[in-house]
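In the two assemblies presented below, chain A is common to both, partnered first by chain B and then by chain C.
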Partner chain A sequence: MTTKTALIVDDEAHIRRVLEVKLKKEGMQVMMASNGQEALSLIQENRPDVVITDINMPIMDGKTLCIQTNPLKKEKTFLTIVVTARIEPQDNVWVNALQDTLLMEKPFSPMEILQKIKSYCGEPTEWN
Partner chain B sequence: MELKELQNFLMHLTPISHLQYQVWDPDGNRLYPDSEQDIGDPALSQAIQSLTTKVLEKNSYQQDLFAGRHFICGYPLANGKGPLGSLIAYEAETGAQGANASAAPRVWQHTTDMENFLASLAKLLQESWEAREEVNDLAQELDQSFEDLFLYGKIASQIKTLKFSDAMLQSLISSLLINLRADAAFASFYDKPEFNTLVAQQHLNTRLRTDMSFYQQLIDAIPAEVIDAGDKYFVVNRSGSNPTYQPLSPTEYRFLTVRIEHEEGFYGWLGLVSFNMNEIFRQGELQLLVSLAEQLSVVIANTNLYQDLELFIINMVKSLVFAIEAKDVYTRGHSERVSRLSMQMGRQLGLQGDELESLRWASILHDIGKIGIPETILNKPGRLTDEEFEVIKVHPAKGFEILKPVEQLASSLPGILHHHERFDGKGYPNGLAGEQIPLAARIIAVADTFDAISSTRSYRSAKSYYKALSIVKEVAGSQLDPKIVTAFNQIIDEAGYLVGEVSYAN
Partner chain C sequence: MKRSIDVLKTKAVNIFLIVLIFSGLFIMINFQIRTEEQERVQEIYAKGNHLVSLIALQPLATFEKDHDFFVRTLMEYSTKEGLAYCHIVDRSGAPLVSFMLPQASMALNTNPNSTPVKAAGLVFTPIETTDSGARLYEFSKPIFENGERAGTVKIGMLLEPLSIFTKERISLLGMLIFFIAATVIIFQYGILQAVKPLRGTVSRLVPKTSPDQSKNDLTRVFSMGGLDNMIKDFQMALVRLKKQLKKIELNNKGLASQVGVVKYEKRQIVDILNTINYGIMIIDIQGCVVHINDYLLMHLGKTRRDIVDQPFEEVFSNPALVRFISQQEGLEQLRTQNHIELSLSELSETDVFSIACTTLNGADNQSTGNLITFNNITSQKNAEKNTVAFVAHLSHELMTPLTTIQSYSEMLMEGEIEDLDTQKEFFNTINKETKRLTRLIKDLLSLSRIEMGSLTLNKDIVKSDSLFTDCLVSVEGSAKKKGIVIERHAPDNFPVFMGDKDQLKGAIINILGNAVKYTPQKGVIDFGLRKEGGNILFDISDTGYGMSQEDLDHIFDKFYRSSDPKVQDNQGTGLGLCIASEIINLHGGRIEVKSELGKGTYFIISIPMEEYYIDD
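Let's turn to the complex of A and B:
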């Protein structure tokens, strides 16, 4: 187990792209999905170390994705970062109820996302 | 196309072509097939290697006929930045024909075709590498734009608050420092030096560990009028080549500062300092700083307007107070004394911020309703009749009515309306008791009672302060809130009020 894998879930390609480049630069493996449905099967098959997901997406939204993947964390947990353009008060409630799940507001700082990942997974040098 | 894809491409090309292909890096290492793989004839390998060197040296198509039988040709690979290596094609086997005619040198029919083929392949590779780099560069820029956008959003939300404050600036400058990866960020104001803010990175590297005085000298050295008046910013990209800025620091630095200005004037500078000379200030950084400076100037202008408005209200209140005191000759200075005592009690009781401000206005304006009371009653020497007293009793309600339209004083109105309530519920206008009476009103009642007893009123002469204090203590629990009387007593004790305060007697 050397590299860490991240899954980026957002229906906007440019947001996926920014995070992809940022995380690949740190040596992470990156998978991408444009909605919750795609993400769900990727998580079931690949068990990433980090999932970064938007809330408002077509087909399956980020909240449903988080709730459906939360039971998987019992076996082997992973970090979920939920990013949303507008944090509604109830978002804090469901996010707090889930394991290893953080809420961040858009526009986010890619650097800050990376810091959250590092503080959860450790520095890249410790990944080996 | 990644090198790996190129390898796949060549691997598929080999079986359908009678040529073999190789890829070399600029340092003379074979990348494909990988250097471990033996390609046979060492002399042929030698010949290929020397051709790659020639291709790189001349940076053009080269060919050779090794041992008069094996045709070898190569073409340089490059991207926009420089050489990446060379692409080689050669004949490994010359076939039966070659073996038969071993004496006669073979003639290669396809020299021009081969050159064209390698050239187009190299061009295709170059374009794909460049495109990939461009995409990466764009993604980097996008990444930076995200950081800028994030910072801008964060600051814009802080700026929504009308008032300009130390905490807001501190947070803004720190965000700038972190997000723009500068070594120091500052805001400097000509008219408000108390708001000057400087945040610097703490460097572990001693060479860069700069004391704050450097930054101060730097800020002081910024010319008040930039060279070109139209410029919104001032930048020094290399301090080493600038006679004004070079002496300030032995380590070379660069700095960028933008004007904080508004229609009404020039307030100061917002800037960044960096010791990282491998980078320059980006256009995006400049734009971000300019936008932030504009936002800041709006906040400052709003704050100034707000302060003007506040001053206007203070002056208006003073006029109102003068108006009452002009009518009621005996109460001159009363409002101000009651206000001063009330504020002291308020602080003693732990009030702060808006609560204290409300108390200030309520206490100074508590008697404003007396404007509506006939002077003959207000200034009547001796006791008032019951009817006259009933007229006096409307003044808290009148004060409330007078000030009700002033939105800014809304939170002070309860203190004014109820300052004649009694703790035992026998006061007016509503007969509220105990804690039903607003705290401000209970505080004002203590101050008002004390001042009324201790200063000259139309109906009796001033009693001594000691006497006044003992009366206040006597009515604690009936007329006044005992807790507030205790606080009042503490203030009097601590301040030595009755002995020291000469002005109070006037």
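Let's turn to the complex of A and C:
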């Protein structure tokens, strides 16, 4: 059994916290970052299986993070779930252009996020 | 009666003229015949003399020797030159040569004036013939040989009567008649043409009783007689002409005033076009500038003389604009857009213009050119961008606490949080985020009221000591938690002023609260109140993190939050300072702010002290 790793990227501590609780409960290893810059370093070092990121963040936004990490998926792909308060038409364009990337609108439920992860990675019992 | 006399006179004159023309023709022809006759007689004299002299020079023996040849020569001569006869006799009177045409013998026999054959010297005698009208001219000359008279020669030259109706004469006559007739017709036509306008004038001036009467008057006016009537008519016409002239002058004055009005209105339109704050250009169908208003000239930095008559593409080089304008010249249904939004380097590097084009039609509904308008929509575009940014930011600000509340409550409801401490933490978070959402909505409502102009101040007498203390109390708790000391700087006598205490309290607490929020633990905040001139001043200074110049430029903007992590770590809507400044502005006051990174921030709130009255 290999533990799946998730990286939660959001400038809101409460959002990070609830997802942390939810994913840890499912047996996932969780890393957290409050902006894109921090997340980029963590992805390059740890290559997580799932990245859940907000778009609107200080220092480096989620869009830049996704674009910069997309080439890394050539070696080993991972799921990126992009969450945003308001989906603009152009958001669908750039998200669809990236590999294994999904777009979700706030407010989201932790269960919904988990289902997306499961549909991509399979049930936790299959994670090996 | 008078009319019939006039007509008769006219006819007589016409007949007289015709007789005069034909008499002239007759005299002219007669003169020409006489002249021709004289010329013929002179010619026959010359010929006769020449011939008789030529024969007289010949020796008599020649006539005997070459008699037949001589007679043949004479016959040829008779047919060519009109020789009628020739008699040559010797000294004794015996004939040597005798040649005569039959018609000549008849004339000689009946005429007693014939010259005797032995006449001495050159003689010539005209002999009138009676039957054919021909005249015979007789020439006689002696022949001398060896100094003695050897014989006599007599010849007769026949002059045929002059025929009037020769081909040449008839053609000449025809030509003359043709030219005279043509001259008369052209002359008459010329007169008619010259008189035509006069006829028109008279027909307008003479009162219209009936068509016949009018015709009679015209006849009367133009008849050759009746000069008195003509003068009278012309005098009457002159009077009416003067009246007409006065009418025309009046009309002219009316027209002149109308032209004046039109010119004035045109000037007004041009003035209006020049005062409106968007560009107007009119181009003709060739695409050359006909009119340009002051707004465009000012932005182009050129004079009207530089632009007018220039092709449009010389003024604006932007290919998209030139293509758009050329499309407008086509059929209306082929137009793909009715305006275009562009930045034009000729007008401004940064501004955006909405350019519309309308076809101008003349009276015959034919295109006379295009009216092009240039509307600066930079601020509108910026406002649109700001609105989009505002909505995006608002969505984020609203959705973030909502997401937290929804996800936390979902986890609790699903029983996924078993640990009691975590449960407590989750409930606390839900509570905080609900308060945050409530505060945000309240701020948004306040902002909305301010922007809609519906936020009204409930002004009353405000006791500044009460306001000062209320503000202090509301932040003391949070300051104490951080070990921050708030130093009071209050006067002995607190002033009283007019204002909305609740709104002012909200504004001051917001600034004072920020001071607590952005001052590190065990820092110091100075909160003071003073009166200066007619204003009451609240001073709030801290020993906090301070702000960069970039932050200082935007702290009163809606939803502006510094990217400084120390700011990001604290919750805030980004609306507090914006609302506070609006409330102070509504009181007629202002907020000043000074700040330095790492040293602290100093706010001064200044509110004018209005006069107040206490009701008895």
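Heads up, the rule we're going with is that the second predicted complex is superposed on the first by the 126 of 128 C-alpha atoms of A that agree within 3 Å, B and C clash if a C-alpha of one lies under 4 Å from a C-alpha of the other, contacts with A are read in each partner's own complex, and residues count from 1 in each chain.
In this section, a residue touches a chain if its C-beta (ideal position, glycine included) is under 8 Å from a C-beta of that chain, and two chains touch if they have at least 3 such contacts.
The shown structure was predicted, so the numbers you read here are calculated from the model rather than taken from an experiment.
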{"item": "Contacts of A:88 with chain B and chain C, given as first, second, both or neither", "value": "second"}
{"item": "Which superposed partner A:75 touches (first chain B, second chain C, both, neither)", "value": "neither"}
{"item": "Touching partner for A:123 - first (chain B), second (chain C), both, neither", "value": "neither"}
{"item": "Which superposed partner A:45 touches (first chain B, second chain C, both, neither)", "value": "neither"}
{"item": "Dominant contact partner of chain A by residue count, chain C or chain B", "value": "C"}
{"item": "Partner chain(s) touched by A:56 [first = chain B, second = chain C, both, neither]", "value": "second"}
{"item": "Set of chain A residues, in rising order, touched by both chain B and chain C", "value": "14, 17-18, 21-22, 107-111"}
{"item": "List of chain A residues in touch with chain B within their complex", "value": "14, 17-18, 20-22, 107-112"}
{"item": "Chain C-touching residues of chain A, taken from the complex the two chains share", "value": "11-12, 14-15, 17-19, 21-22, 25, 56, 58-59, 84-86, 88, 106-111"}
{"item": "Touching residues (chain side chain B, partner chain A) in the complex", "value": "136, 139-140, 142-143, 146-147, 149-151, 153, 179"}
{"item": "For the chain C and chain A complex, residues of the former touching the latter", "value": "391-393, 395-400, 402-408, 410-411, 414, 416-417, 422, 426, 429, 433, 563, 565, 568"}
